[in-house]
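First up is the structure itself, then whatever we jot down about it.
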Amino acid sequence: MNKHFDVGIIGGGVIGQSIAYQLAKEGVSVVVLESQKIGSGATNAAAGMLGANSELEANDAFFQFAKESQRLYHTLSNELFEYSQINIQLVDNGMYKLAIKDDEVEALQQLVKHHSSLQWHSREVVLENEPTLSMGIKGALYIPEDGHVSPTHVCAAFSKSANYFGASIFENTPVHTIEKTAANEYTLSTPHTEFTCKHVVIANGVWSGYFFKQLGINGSLKPVKGECLAFQSSDIHLEKTIFYDHCYIVPKGDGRFVVGASMVENDWNTLPTIGGIHSLLEKVTPILANMESATLLHTWAGLRPQTDDGKPYIGQHPDGESIYFATGHYRNGILLAPQTGIMIRDLILGREQNEEYVEAFSLKRKLAQKVRG
Amino acid sequence: MNKHFDVGIIGGGVIGQSIAYQLAKEGVSVVVLESQKIGSGATNAAAGMLGANSELEANDAFFQFAKESQRLYHTLSNELFEYSQINIQLVDNGMYKLAIKDDEVEALQQLVKHHSSLQWHSREVVLENEPTLSMGIKGALYIPEDGHVSPTHVCAAFSKSANYFGASIFENTPVHTIEKTAANEYTLSTPHTEFTCKHVVIANGVWSGYFFKQLGINGSLKPVKGECLAFQSSDIHLEKTIFYDHCYIVPKGDGRFVVGASMVENDWNTLPTIGGIHSLLEKVTPILANMESATLLHTWAGLRPQTDDGKPYIGQHPDGESIYFATGHYRNGILLAPQTGIMIRDLILGREQNEEYVEAFSLKRKLAQKVRG
Amino acid sequence: MNKHFDVGIIGGGVIGQSIAYQLAKEGVSVVVLESQKIGSGATNAAAGMLGANSELEANDAFFQFAKESQRLYHTLSNELFEYSQINIQLVDNGMYKLAIKDDEVEALQQLVKHHSSLQWHSREVVLENEPTLSMGIKGALYIPEDGHVSPTHVCAAFSKSANYFGASIFENTPVHTIEKTAANEYTLSTPHTEFTCKHVVIANGVWSGYFFKQLGINGSLKPVKGECLAFQSSDIHLEKTIFYDHCYIVPKGDGRFVVGASMVENDWNTLPTIGGIHSLLEKVTPILANMESATLLHTWAGLRPQTDDGKPYIGQHPDGESIYFATGHYRNGILLAPQTGIMIRDLILGREQNEEYVEAFSLKRKLAQKVRG
Amino acid sequence: MNKHFDVGIIGGGVIGQSIAYQLAKEGVSVVVLESQKIGSGATNAAAGMLGANSELEANDAFFQFAKESQRLYHTLSNELFEYSQINIQLVDNGMYKLAIKDDEVEALQQLVKHHSSLQWHSREVVLENEPTLSMGIKGALYIPEDGHVSPTHVCAAFSKSANYFGASIFENTPVHTIEKTAANEYTLSTPHTEFTCKHVVIANGVWSGYFFKQLGINGSLKPVKGECLAFQSSDIHLEKTIFYDHCYIVPKGDGRFVVGASMVENDWNTLPTIGGIHSLLEKVTPILANMESATLLHTWAGLRPQTDDGKPYIGQHPDGESIYFATGHYRNGILLAPQTGIMIRDLILGREQNEEYVEAFSLKRKLAQKVRG
């Protein structure tokens, strides 16, 4: 078994796998070390919305980054299928953000004025397009660009494609410590093997906070647990994703509807609770006319990795060590995975970077802020 | 493959299997025909409470029958283990029926006066015995005799023990029609085989209504769907079954807690709905102090077979055909299975009967009632 | 609840749902009665190969029918997505039929001579295209047209699209008997409801043998049980379906590989056996180089509906009753579903038919044969 | 959240939970830190045989320890039920070690001479007691004392009972490093919390090798992966556990039969492979007459923690640190858990020890051996 690699990636979620894919495709020797199973963290729990427009607010570098990442999915869909035979289930039917109360109508209409890609649909149009929505709605913001994918399939496709280009992927392999054992050599210790590599990428989601601490970096991650459920119903037809009051319904390509998600801070347990599912049912019931009689299929949960300012850390160790961070993608890691993979690849390969992105996601921003704060 | 049997039993739920066991043990040649898998109807969905005292109200023949059946479980537990190596998970810690509102206190205390086997426990005693109950309770009726079993294990144990004594059990074998094809011969038609037998037992739960009709009998069955959930929590300790406002929590011997059950009439779908689980969560949350943070494990549903007067039909065809009915056990089929098996066995073997039971569960009672009604 | 329909379809597998879709789309009022859950019969067990070329031998009407059905999937894929939002997972990478022994080389090369759509690939070409195949192979027949779909998704997509056009679909609704209750009226009896309809379609797979008998028709169906397994491996990459010695490996679009299938006659049990999976493992192991270390994910089984001559029955009742048969699709029901739906639709609507097909799948062919035999 | 405890236990498998239970019951403040879910390591994969006689060979301290542990299960069964309401499924029907070849007969008969608790059963007696065994057997060694439990239930029962006595149990909490941060204070770092404690117990199965290294201790653990399957059959009745050629069949109290287990060294993957299950099917098929037609239910795997000499490490850090080891229980951790819990409890509480045990399981034995070796 080879134990020496150019790049060692800690974490086999969608972020780690996207990075592995981009590097392996360039011929770099890569290993991904995953403590449990590929995708078994936040990734497999995600709904898979590509909500660049619906999730982000300011028209800043973060937003540009997200839009680029969203667009990348259109080429990745074929590319990944070619290398992995896995279909990432990209669906591009857009999203409706509903208005039920009067102030919601206003707020959403306001948005249309400022974003050319958004449209306002009246109650009639909405109910014509989505006749199984509840009658109570007053209209909706239509966001044509925010489609969705299957996170499990995306992660598996990145992984298998990375594999195809020679990347090694070890499941059941938690990294306990990172040590600099020589110039240009870091040792990653796991329960069974020590791996050495020239560059390290820390991409283990909410659990990467530990390495911030171990490496003496001033930044932290906290989990925001999200609980979800899936249902099925022959009486419910939806073409678009539906969004209302922090709750969404995504019509998946296998006939199930995914409903998400609660927001519970600082709960590290990865299973759904009675209270969480209760609150989700409360919220989703009024959205669709026939919701009560739909079949509940299953429930699950995952931990969103949240940073102090809600933006990811994508960048190099502040002291110039060849340690890279790609973590803290919070509510949008599926959306941001393609572009994160490219950015880390370019950083490691010393390629040109978009300086705005470097700035926006830098670990130093955080340090600065903390000092100021 | 043998196709000729003394007794053909339609339905492989707890009732059919209990009957098969009692007959096979007496050396009778028996076949059980089950359309899907053993226990896959109401049986596997049940919570397994042996609620003779908590479920039944009048001190009538039905109550006596239930009490006898409850007692039988104590000997069956060892007997079935011997023949099947299956442990039916009998737990005998009793039940608390909670009082939270004042009128509930009164109503439950009233019961204690009339039943020597019931006791009233004050708030203090209850919370000492069950410290994880919510603080809001005012006291509880303690029912020492109402324990619980695992319905899946009971059904499998009856089945395997029947097997041990020579009974044949065919899964994936729905009976479509019953025909009298000779004196002393009934033919049961299934998609693949015709079975002949001298005696037929109709024990296919809520689906037996079809045979009432086919045989021209005036009686009907309707489903009362029950939706359930299981949870787990290291903060919750319960020794007794807890009952409040049609909702119960049973501490099962594998560490899970089973919560049941909704009551939905005339829904033939066997999966839980969004609305049903929602209502269950609503009801169960106030009962335990740490309920909200408990882990939701899974949800399911089943169809209780309800007759017009809520009592089962256990008896012979009104016209003297050698066709027996053992169906309509509604909320208490697990409790009633042992005694139902014995009663049908004795009817078929021409043994002495308790005439009160014959009367109470007769198919004619129904006919009479309908005429009057 | 409406109980009167133009067309009553018995069986909610891929065949019943394809018919429901084609009829509902034409505005016909349709009900599908399914004894368990949509697709829960052979359909969900199938591997989903569209093996028109690989499965069929003679260049006869049956082959033409299969080729047409195969082609239909290309338009259905988009059409069904539009109405149901379900992606049927059509993959069009072709199939390799391997030659390992010398006589296999010869036999396959022979086929290439007679079919212009087939090609012979030498060992080198095969291993270049599929480098994870075992080194022992001698070459392969390449069948570019035989792709695959996900049967579960196809069946759900037909069902949901039928639904979209107004079809009613009842699960948990076994039909026990079909009776002519008036001119132009058939009554379908189920445990809970009697449905009446002008036309009946019998599409309940291997279980439809019962209705042949009930209706006095000379034809029978027997199950040929097929056991399957799924595995996963980062060391195995396959683009095409691989076929060898009755055993195949299908690279599904979710990263799993499906291996099928055993052939066990007259076993009505729908679960896999120790012996069946054992034989499958025996067969599949030599095909791929890294097979032994692949992860076994799960195992399952289903019952192929086989007629006496191996061809389906698609046609009207021989006595002119408005009862139609669409059953006996044996190893190829997924492949044949689209064209079967169209043929039954046209028969019911009195549209023009391909007379060769009518002949080939007629119930009378069978009768004739039996008389001769 | 409390972060200071007397004892911090790393690993929530059967060993860690047994220790937690014994300490908590004595009023010690205990925390168990488990990286995934309680029991999710080797514990839940185990068959649960209490094979003191069948697994161990020499009549040494290890054997005495195992016998004591086996006996403890008889009292623990009730004790744990009382505190946890969990039934550990203790079954005490003994085991048959089969002889099929002549030399096996001899070898087993030899054992009877030396152990008074063992008996030789002739072919006739064996087939009378276990009539579904295959006819090919020549006799069997009967081991009355080797029963079995359900490992999942045992682990959950220890955990819930520890809980009952005040122990804290954190799932999703991997320990990355152990550091001495003060006299009498060790800090256990996890991704989210640092726990401090006066004593540390390393009980994380095969993964504890990491801490040996981190703490500079000369000892190692390697995984010996075991793959298992469960089957069901109405034609198979077994009262005793059956053992032949490293393969066993355990009749569990829920009607399933558990078959184990392969032996694969140095595979850290926790899922079963095609090759492993294949070899298991090969071995088990000849043991029972009707094996081929039994229903295969599911397959799984786990990693046995093996030390260099096959005996567990149970004892204190060689340098007198207050760090205790309880790991390396290899094939017998379920059997050995009760006594291991007691031994570690007594070590920590400074109670009297059986010096033979201290010697036998000491970490120094290993060091010594290595020096000699």
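Order of writing sets the labels: A, B, C and D. Residues in every chain begin at 1.
The definition used in the following text is that a contact is a pair of C-beta atoms (placed from the backbone, for glycine too) under 8 Å apart; a residue touches a chain by one contact, two chains touch by 3 or more.
Bear in mind that the values here come from a model prediction, so they are computed numbers and not experimental data.
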### Task
Name the chain whose C-alpha centroid is most distant from the C-alpha centroid of chain B.
A
### Task
Give, as an integer number of Å, the spacing between the C-alpha centres of chain B and chain A.
47
### Query
Between chain A and chain D, what is the separation of their C-alpha centroids in Å?
40
### Task
Two or more other chains in contact with one residue: find those residues in chain D.
269
### Query
Touch graph of the chains shown: is it line, ring, star, complete or other?
complete
### Residues of chain C touching chain A in the complex
81, 84-87, 89, 91, 93, 152-153, 156-157, 159-160, 163-164, 169, 234, 237-239, 251-255
### Task
Would you pull the chain D residues touching chain C in the complex into a rising list?
231, 269, 271-278, 281-282, 284-285, 291-299
### Message
Quick check on the complex: what are the chain A residues that touch chain D?
### Response
35-36, 171-174, 176-177, 189-192, 206-207, 209-210, 213-214, 223, 268-270
